[in-house]
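Look at the two complexes coming up: subunit A is in both, with subunit B in one and subunit C in the other.
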Partner chain A sequence: MSGSGAVSPVPQSPTWSTRLRARPWGGYALAGFVVLYLVWSLAPVLIAFLFSFNHGNSRSVWQGFSTEWWTGPGSVFNVAMYHDAILHSFLLAGIAVAVTVPVGVSLSVFLSRWRGAAARPAGLLATLPLVVPELVLALALFFLVTKLLHFISLGTPAQVIGQVTYILPAVVVITRGRLASIPSGFEEAAMDLGASPLGAFRLVLVPLLGPAILASAIVTFALSIDDFVITQYMSSSSATQSIPMVIYNSTRGSATPALNASAMVVALCTILICGAGYLVYRILNRREEIVVPEAPAEPSGLGPAVGEGAW
Partner chain B sequence: MAGGQIEIINLTKRFDDVVAVDGIDLHIPPGEFFSIVGPSGCGKTTTLRMIGGFEEPTSGRIVLDGVDMQHTPPHKRNVNTVFQAYMIFPHLNVYDNVAFGLRRRRTSKREVKQRVSEVLELVELGRLAQRKPAQLSGGQQQRVALARALILSPSVLLLDEPLGALDAKLRKQLQIQLKALQQRVGITFVYVTHDQEEALTMSDRVAVMNAGHVEQAATPREVYDQPQTRFVADFLGVSNLVHAEAVGREGAGVRLRLGDFEIAARHGVLDDRGLVTCIIRPERIRLEPYESTGENRIPAIVERVVFLGHSVQVSARLAVGQTVQAMVQNTGEAFPYQQGTTVQAHLPADALRVLGADEATPDDPEAARALNGERDGLSADGPPARGSSQPPDEATSAAGPERFTSQARIGDDDV
Partner chain C sequence: MRARRYLAALGLPGIVWVALFVATALYALIAISVGGLDPILLTPVPAWNPLHWSASTLQEVGTALKPFSGSDWMVFQRTVIYIAIALAGCILVGYPVAYYVAIRARRSKGIILALFVAPFLVSYMLRMLAWVGLLSPDGWINLVLEHLGLMSGHQPLNWLSGRSVTVVCALIYGWVPYFILPLYASLARFDQRFLEASRDLGAGTWQTFLHVTLPLSKQGILAGTVIVALPMFGDFFTNALVSGTASTAMVGSLINTYAQSQTDQGLAAAGAVWLMALLTLLLLPYLRSSARATAEVAR
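Coming up: the complex of A and B.
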């Protein structure tokens, strides 16, 4: 040690918060910017929501409060176009979740536990669709389905296949992130105790992946409900219209406030479902801290933990 | 629970270009506490993982109770493992973790309940059955891992540094208890550790591994007192390596020449001639007043005295130039030798062990110098004046033929 006895205090670099406190105007500007952004992004949605309660046919001129577009004969629940589209959207989302999550989780488990020369490129390719523009993917799938794979009919089957293809990489990314934090030792321990490889996957890996699986389901659901391009390309008739398609198609025509109401139904349902999912996710995450003691640690010098007693 | 017998025959494991395990042979009789010890990367964990079935041998065989395990996957072997990081399932409580194995065997609910509570009693975790792993201390987790493996009554239990993550004091406690447990259940333990002291304390036999090879496999006493290779001598505890020239047999031993001195050694390879390396443990070297006379005594000058509590560690430079380390028990009396004192280092013939002809080339400058009896400050003829021409400070000891090995390990392991 060549140090000179005394230790000079390390100058603390000012953090952002201390800097902001030092210059209140900077803080106000930042807060103002956040508020402006929130108003900018949320106000139109709120206004659209409000107009679903308009008394009259206009979606731009307020004519008084009424619930006719929610309950009346021309309402979202009574006009077949809206009502069918909502159901179709939820149907597609349900199937997308049911297919994408198991396929995506299996794929990512396989990709992360596979040790071979092709493992890395395969992993990269699996996530490539994330950066391929959706429109390109939709066009490609459209030609594939209409020109080559005639047994897949446009409409619900093609829409599901399209959405799954589109969303799968997101599920793979989410699941692999979690997998990276789960040592392969857990599966080995399960097999050591007599579980088959499949048993180890089902009994140990799947529960440990719980939060990632739930997150995948939420993301899949939200992406599916929101999806327009692929769903549009893969649709066949008006029977396979989803809510985004109806909104897009009728927004330039003379739609009634029932359109707003239908959009709100989907938005509210999505928020509710995703919110509930997020809550469960939080609970799961809190319960399941993965405890992996550090590998051969230097002796810490701590005494035995309380309750070591006889042992 | 009956112990399992393991035969390992010419076992080799290659990862790409790296040979992790290089053709080892081991025979582990039933009920033995067998340790594999070695530095990290020596292949000990890979060997254990091959016995467990988690790695496939590149070649060679593992025979468990007479059955070749080549085509038996881990979940079909009557072998269980306590993993280094325990790998207790975090989503299951203690009870379900311990019951995991039995449930895979479709054991009846009643039996599961009974056996889980039995084994939890065995490791004294009964009252923590409902706890989640995150709520357990390191020592408790270690016991869950043990219970989870023992409940399946394996014939062999594999333990991969099971105490590695615990603090020193707890580790000492658990060493004794693990050993007691092994004797109680009577099954074969194969215990992998990098901690030589742990291996010596607990095992019936120890295999010292280095670079994929087994250097020696014998009882703790044997590997410590009669190391067959320089590596074993060096890895287990602290050893002094002394270079000498073997000149001929003498009774039950061999005469060695160190510079102007001749000493006798009674163990090891006695038939080699020429340059040899001998080892002697620091605790076997005796420091005596300079006036004392007798066989196997070489004048030396005390270079450094370090008080360690239970003993005093002394570095002494022999008149022939080599430096040795001596460990003197702290008996409560004042230690008579200070830095610079001249003494006689008594290297008893019984404590000297010849490792055989030097693997070091004869033109190894260090060995050559030692043999020529190059001396500084000391001669065989008489004591030098105190603090003579070359003071025994870092200038000489850093450049000089300092040869007490493993000095660093004292700080590491003897916590």
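Coming up: the complex of A and C.
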């Protein structure tokens, strides 16, 4: 019997295999925790959705099913405050995407390709809003607009400026992550072959940046729709209320379930738009894997590294 | 040469944008905080010229925030305590989730990630609105407590009237996805072979976790903590929705309240400047360790 111990040089090995067999329980506990987390994180929203179908004025007591807050006279689509806010939210998000993406992407190209002193301070300034609480940035922009740049009026123009400034760092982080994996030799080769700088940008860089541009657009849209603090500080009157502002202003009051419905309209549209965008993103990425098989799997996706890549 | 000019032209709009709306805006904030008051309207007047700076507003807010004796010291203390507990909660809830999705999950990964991203597409305000409904005196939380017999004989609890528990839980609920995301990104990037090596060297699951996984996820935890701590310091809306009472007010609520009144906007600016100074101090160690980590990766 004593000889068999010498045969096995790793005495821990049986212990390890026992642990391996015991592991699933720990794994199940962890998986259970994740399921609980997902339920905790999503169930309240689903319940709020359910309450938009409440038969009655309450947002907390279930009084039976009805669609009055979706179709009736007091519904989202018939109360001016709600439908105006929904439209305003989407208007702001549309303009924010149209401004942030081109400005952010071209700024990122400059920041990652420019060999000169200007790139570093510009890069720091562009990502500074990441480390400033939104409230501070909102106040700063509010004072800028009301005390210095009087020609910019509070309301839609100021709200767009605020949102773009707030979202720009995310676009810069996403695009620079992608640019880091595209050698600058590609554009130089294009120019050596006779392309103009504009042609090199349009024919080489833009297609390669496609997924990053799309990801930027999705993230910009989602951040703009969700934004509250800056949109609130830059607003002028009830005419420039976005949905998060309406929720903030009426949640503690006696608003009807139409409030839930209005929030859900925006949420569902956002999920649809961003989901569709993500599918296109997947297709773009897959096509590229076929063309450039050795392309590094850069996590330039939906911004998991936002904030980290800034430094 | 032409290429260089072209590149400059590409960068110009963005540079002008951030110079104007980041740099000048932050300067405007400072100029207000060191400015004076309009003698008639009593509204703040910015001091653009550093020679005209006056520290009186900053001093006024500084005195109010002064440790132990200041009138707003309680608010500051409360802010730090709430945020500390909320951050601990974010780590306790968020770490296992990020760890599981990044390292353990196999087939279920896609669906978990999709469900996990959902809160980002549903606005923060809607998620708070949902809880306000559940936590109302006649809401489902009290209903459940009643059914479980935990409230026998008591009045229905009013969760939404100045309870610290509610505010801290709402902060955790609101911000934990933002904590998990960078942590997940950092955990997903790390080399699984470290785990195999640790196992091959005889370490058990716990030992591997304590001596390999946890030290390697330090940077991710730190990044997540910074990403949620910064907005929490400026958060006034969570508090306003689930409490709305002065007894749970945080620094963000204070600044927001000042900003609502024309004549107190100078105090809001000074508060924001103090907050930025404090956050810069808190951020320095993180920036340094992050720079070191980046430098290591770059080598």
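Quick notes on this structure:
Rule of thumb we're sticking to: the second predicted complex is superposed on the first by the 261 of 311 C-alpha atoms of A that agree within 3 Å, B and C clash if a C-alpha of one lies under 4 Å from a C-alpha of the other, contacts with A are read in each partner's own complex, and residues count from 1 in each chain.
Basically, contacts are C-beta pairs under 8 Å (C-beta built on N, C-alpha and C of every residue); 3 or more make two chains touch, one makes a residue touch a chain.
None of the values given here were measured: they were computed from a predicted structure.
Once the two complexes are overlaid on the shared chain, A:199 sits against subunit B while remaining clear of subunit C. When the two complexes are overlaid on their common chain A, residue A:109 makes contact with subunit C while staying clear of subunit B.
In the superposition on chain A, A:147 contacts subunit C only, with no contact to subunit B.
By the touch criterion defined above, A:191 lies against subunit B and subunit C together after alignment on the C-alpha atoms of chain A.
Using the contact criterion defined above for the overlaid structures, shared-chain residue A:51 touches subunit C, although it does not reach subunit B. A simple residue count on subunit A separates subunit B from subunit C, and the partner touching more is C.
Of the residues of subunit A, those at positions 191, 196-197, 299, 302-308, 311 touch subunit B in one of the two structures and subunit C in the other. Listed in rising order, the residues of subunit A touching subunit C in the complex are 10, 12-13, 15-16, 19, 23, 26-27, 30-31, 33-34, 37-38, 40-42, 44-45, 47-48, 51, 58-61, 103-104, 106-107, 109-111, 113-114, 118, 122, 125-126, 128-129, 131-137, 139-144, 147-149, 161-162, 164-165, 168, 187, 191, 196-198, 200-201, 222, 225-226, 228-229, 233, 243-244, 247-248, 251-252, 259-260, 263-264, 266-267, 270-271, 274, 299, 302-308, 311.
Subunit A contributes residues 183, 185-186, 188-197, 199, 203-204, 207-208, 210, 287-297, 299-311 to its touches with subunit B in the complex.
Within the complex, the subunit C residues that touch subunit A are 2-3, 6-8, 10-11, 13-15, 17-26, 28-29, 31-32, 46, 93, 96-97, 99-101, 104-105, 108, 112, 115-134, 136, 138-140, 160, 173, 176-177, 181-182, 184-186, 188-189, 199, 202, 204-205, 223, 226-227, 230-231, 233-237, 240-241, 244, 252, 255-256, 259, 265, 268-269, 272, 275-276, 279, 283, 287, 290-291, 294. Remark: subunit B residues 52-54, 73-75, 79-81, 83-91, 100-101, 104-105, 123-124, 132-134, 137-141, 143, 148-149, 152, 161, 164-165, 167-171, 173-174, 177, 194, 415 touch subunit A in the complex.
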